[in-house]
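Quick one: the structure is below, and I'll ask about it shortly.
For reference, chains read A, B, C and D in written order, and residue numbers begin at 1 within each chain.
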Amino acid sequence: MRVGVLTGGGDCPGLNAVIRAIVRKGVQEYGYDFIGFRDGWRGPLEGETVPLSIPAVRGILPRGGTILGSSRTNPLTTEHGVRRIKGNLAKYEVDALVTIGGEDTLGVAATLSDEYGIPCVGVPKTIDNDLSATDYTFGFDTAVGIATEAIDRLHTTAESHMRVLVVEVMGRHAGWIALHSGLAGGANVILIPEQRFDIDQVCAWVTSRFRASYAPIVVVAEGAMPAEGKMILKDESHDSFGHVRLSGVGEWLAKEIERRTGKEARTTVLGHVQRGGTPSAFDRWLATRFGLHAIEAVRDGDCGVMVALRGTDIVRVPIADATARLKTVDPTLYAEVGVFFG
Amino acid sequence: MRVGVLTGGGDCPGLNAVIRAIVRKGVQEYGYDFIGFRDGWRGPLEGETVPLSIPAVRGILPRGGTILGSSRTNPLTTEHGVRRIKGNLAKYEVDALVTIGGEDTLGVAATLSDEYGIPCVGVPKTIDNDLSATDYTFGFDTAVGIATEAIDRLHTTAESHMRVLVVEVMGRHAGWIALHSGLAGGANVILIPEQRFDIDQVCAWVTSRFRASYAPIVVVAEGAMPAEGKMILKDESHDSFGHVRLSGVGEWLAKEIERRTGKEARTTVLGHVQRGGTPSAFDRWLATRFGLHAIEAVRDGDCGVMVALRGTDIVRVPIADATARLKTVDPTLYAEVGVFFG
Amino acid sequence: MRVGVLTGGGDCPGLNAVIRAIVRKGVQEYGYDFIGFRDGWRGPLEGETVPLSIPAVRGILPRGGTILGSSRTNPLTTEHGVRRIKGNLAKYEVDALVTIGGEDTLGVAATLSDEYGIPCVGVPKTIDNDLSATDYTFGFDTAVGIATEAIDRLHTTAESHMRVLVVEVMGRHAGWIALHSGLAGGANVILIPEQRFDIDQVCAWVTSRFRASYAPIVVVAEGAMPAEGKMILKDESHDSFGHVRLSGVGEWLAKEIERRTGKEARTTVLGHVQRGGTPSAFDRWLATRFGLHAIEAVRDGDCGVMVALRGTDIVRVPIADATARLKTVDPTLYAEVGVFFG
Amino acid sequence: MRVGVLTGGGDCPGLNAVIRAIVRKGVQEYGYDFIGFRDGWRGPLEGETVPLSIPAVRGILPRGGTILGSSRTNPLTTEHGVRRIKGNLAKYEVDALVTIGGEDTLGVAATLSDEYGIPCVGVPKTIDNDLSATDYTFGFDTAVGIATEAIDRLHTTAESHMRVLVVEVMGRHAGWIALHSGLAGGANVILIPEQRFDIDQVCAWVTSRFRASYAPIVVVAEGAMPAEGKMILKDESHDSFGHVRLSGVGEWLAKEIERRTGKEARTTVLGHVQRGGTPSAFDRWLATRFGLHAIEAVRDGDCGVMVALRGTDIVRVPIADATARLKTVDPTLYAEVGVFFG
């Protein structure tokens, strides 16, 4: 029995922990052979492989990123994509494929499994925590931890100068990182993509915080939008060199707040720091358990499924369930934390 | 409506986050008054109080420990304990009591609520994660994070000298911290109180690790015991000053491993560092949500209940359910991680 | 004897440690009274004060920011500025003033001391480490630590996607933070304001790094400039709302590198995170010793001097020496680290 | 030209950074060949080598420990030690030897260089910072940072239970780690080997801290001793298995404080955690610069010297100067920080 492994989409702390668990258990308990495919679906598409064995996965548990590389290549939109993948899996005598990825990567796995009979087992990965059918995805806890530490640091510099600090965190379609890090960091305003914000309300919270002699921290997900729909995100303008320049919601907010409240405001865009580096203990635990259960699903011949967290248990769900719709922040939950605003 | 709050038992990162959430929501949404009782059950027993208001809970979210102090005082074993508590609650016009604590503190709350009609709402707290009826307790994630970081550090010093490093972590009756930090830290042996260990097996794992040219890390919960039952934990001997000296399982293990394998071994006992300092983002999130839901239970007049985590939801359960029995590590789960031993 | 204390300019981890040391030693060893002035020179200018005593400085050692607040108010450019300060110092019966600040704040202190007979003792503060006459200033080590941790994290995400990551760190006129964090973080290119960079050389280093199968990290100080002088920093363009938008060197570099090498590049601007939060152990040590020696200078009546670090000793130098010229990175030192480029 | 490299004595964060800098500069700027010797002096003694090249040192900058391994082997006390080393250096055609180590390792290098004509260049290494002739050694800043973070954490748990926490840190002969971490962590008592402590005075400080309604932290170097000389450190007693058991000063102190003040006291022995893991940014900077200058000394044929830090410069000093006497804490410096005791 030979098992292929690939990692697709944006990188995420914990990917290496999954790979290590799969290989370790597969080799030791089931006597499987392994082969790694490079750069997501590009690997099986182009037949680019790397050896995977117990020595190859030693020491990778605490390392961020993925030893297999990643890409956003989609074989379903590539000419003869499925045929080429089938050819390469046959060539390398791969009996099953563990695909670790987000919505896109897993969507391909579901199609290949369900429609083309390629035996795929999925492992959910998204730093944004917006995959349905699992309580949490690994990488999310690490990102929240990094954002929270940044917010902790920004409080003191905000207080010293009595200025507003706007922190833009990841989250294009779902506000999980903003919600968790904002709550954990004691933010005074948290804005998420799920609910358009009222800039007047934001300014009212900011002003109320200053009235209590404190400096406000505003945490905003990159995908959050004002209610009036006036802000054009990621619009194109050109700098003096003709380069396109992006304007983010964080920068926009700082300026609007300054203009409306008369208070100095500054923006920090956390960016890629949120997705790099060593995974938190929670993410190493979750990623490792996902890996152990994924290879169990392979052994059971249970294809087209994805491993998922339910409470403290790892369960199996159809991949399609996870990719069917985005898991967004429930309005009730958002309302619950509103008691800390202002 | 006036609500009393107390924190009992060993301190735990996140206690202040609970207190803050209770007060913030209680005052802002329900217009309640608050009163803090000092040092667990000693507060209502002796009528020692501290004021609790929104200004009093500002800035405490990221702080470890508890602004209310703590103790292990048990009013049920104190003369006229219940009567004195009833008297003081009446004196301070307290309508409900939120009790934040572990098995002992909550056990008292259950009795006072169920048998004496004192309206108590419980919030589960234990760094050891051994309370039934909740997926996790706050403080646990912080402790696991600290232990994991220590294990990460010990790997390199172990490798440089090719010696065994034994890390003793908290966990008298349950091995959760050992299991999670050992897995996350890539330990080669994890020993927990739930399953007596075979010292020969431990040495076999240690030797096998050296054979692969790596230095082993052994993580042991303070309550773990050898199968043969020969080790006397916390036995009494006396040093040159007549002081009693404690011998822990970590120190014992290092010596046994040295004696049996001929390899140098060192012990690190993490101790109180695991329970101090700023809570992790996860624990701040969990503690805050526990606080928000506890005060909701108070508003609903739902006494004798405890808030608990189920998946991503906060639910209410009878306090008695939580204190009825210890939540220990399931043998299946322990077997699952065994693939990384050796 | 009553001593005034103020903190001016941008905030910096360690300011509170200085204040604590001054008050602690002043009260305990010399029996002095203290008074804090709010928001830098605005405090003595407008007579805004805060009480300073041993209880007031308890627990502030690990806290970032400054309990006294800060501002960039310059009394020398304010009408009747010196007269008003003299008036308020007389009113509050202040015998000496400890001024903690950077070039601007200390420059005022030098003038007030040397030309107007106001007894000032200076404590150097700049996160950028660009003050002459002292080996290091506190805050710098913390900023370097934060930037290094960010660079560590960015390596793995860069490797996973084989893209260039540009990290923009603080340093408008001096490249100390870029140099130290870039070296400590294993950056492949470090660009500083002291030496205009050749974009072709930068791209050659980037390409050479990819050739060795690694992904490059480029660390750039915010004040670094290309040799050809084509880049207009902080130029004004306007977004769709008419707001001025700033273009930084980091963003510019990423785009130039993409355009010239054909490799994907991303930018992270660390921003205010570098100056907030708890000081490193080194900075707490340095700040505390500065405070202890500053109050000693007050006791000696040694005015117009500033405390400074020389090796492991704290010495006194004329304030004017420190503010006379910027301490920039020596070309020899920059050349020394060039061996790690590419 | 071929250069040998070895690391001796206890491991220390930063060793790998030194090795990397030596190899990187030696290969790139001078075109040298390199050979690594395993486990300190054992390597050249027994002819055990590892290849050293630029690829071999990639990625090791942030890693603790040493890729060359370490030992305490002393060739001067080994039969035919010098002859065997000379033989192996000839066999492997080694023209110069960079020896990275502490007092013992460097003492050997001095003798081999001065008396036997073996060209050695030294790099000082000691986590304890007790080597003369250099302002700081790498590893020290990391150890102080780890100890300070632990002390930060212990404050909150001490306050919650109003108990004394004794923290035992490294430092057998010199109190540098205790002094720096104790000061940075806001300890209330700091005890160092350089000055015997008076247990009555310690208890007076403890009591005074409680009187101010705070819980005291006592930081003690492992080599600190009471004035009356009654404590027998590391004495031998035997547990129920016949194992020797060590009694440290931390444990002794906690018990004496409990006995004399009636306050609960707990001990934490930080142990090996202080010397493991990734080096701080400061240590990576210092270690790298030491490496760069050591290979420069090799190129200059400047043997028998050691690189050293003086202010912000790296200088060369005779190895013998560094090993001649221990650098201990000056009584004046210790007195200076006494203002924070109690």
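Definition applied: contacts are C-beta pairs under 8 Å (C-beta built on N, C-alpha and C of every residue); 3 or more make two chains touch, one makes a residue touch a chain.
Being a predicted model, the structure only gives us computed values, none of them experimental.
**Student:** Quick check: more C-beta contact pairs in B-D or A-B?
**Tutor:** So, comparing the two chain pairs, more contacts are at B-D.
**Student:** What's the chain with its C-alpha centre farthest out from chain D?
**Tutor:** Looking at centroid distances, A is the chain farthest away.
**Student:** Using the average of all C-alpha atoms in each chain as its centre, how far is it in Å between chain B and chain C?
**Tutor:** Using C-alpha averages as centres, the distance is 41 Å.
**Student:** Counting only Cα atoms for the centres, state how far chain B is from chain D in Å.
**Tutor:** That gives a centre separation of 34 Å.
**Student:** From the mean C-alpha coordinate of chain A to that of chain B, what's the distance rounded to whole Å?
**Tutor:** Spacing between the chain centres: roughly 30 Å.
**Student:** Two or more other chains in contact with one residue: find those residues in chain D.
**Tutor:** 152, 278
**Student:** Could you list each pair of chains that touch one another?
**Tutor:** A-B, A-C, B-D, C-D
**Student:** Show me the residue ranges of chain C that touch chain D in the complex, using the header's touch definition.
**Tutor:** 24-25, 28-29, 58-59, 61-62, 135-136, 141, 144-145, 147-148, 152, 180-181, 183-186, 212, 214, 278, 280-282, 284-285, 288-289, 292, 310-312, 336-337, 339-340
**Student:** For a test of understanding, state which residues of chain A touch chain C in their complex under the given definition.
**Tutor:** Touching chain C from chain A are residues 10-11, 13, 15, 63-66, 69-71, 146, 149-150, 152-162, 165, 230-232, 235, 237-241, 243, 245, 247, 251-252, 255-256, 266-273, 275-278.
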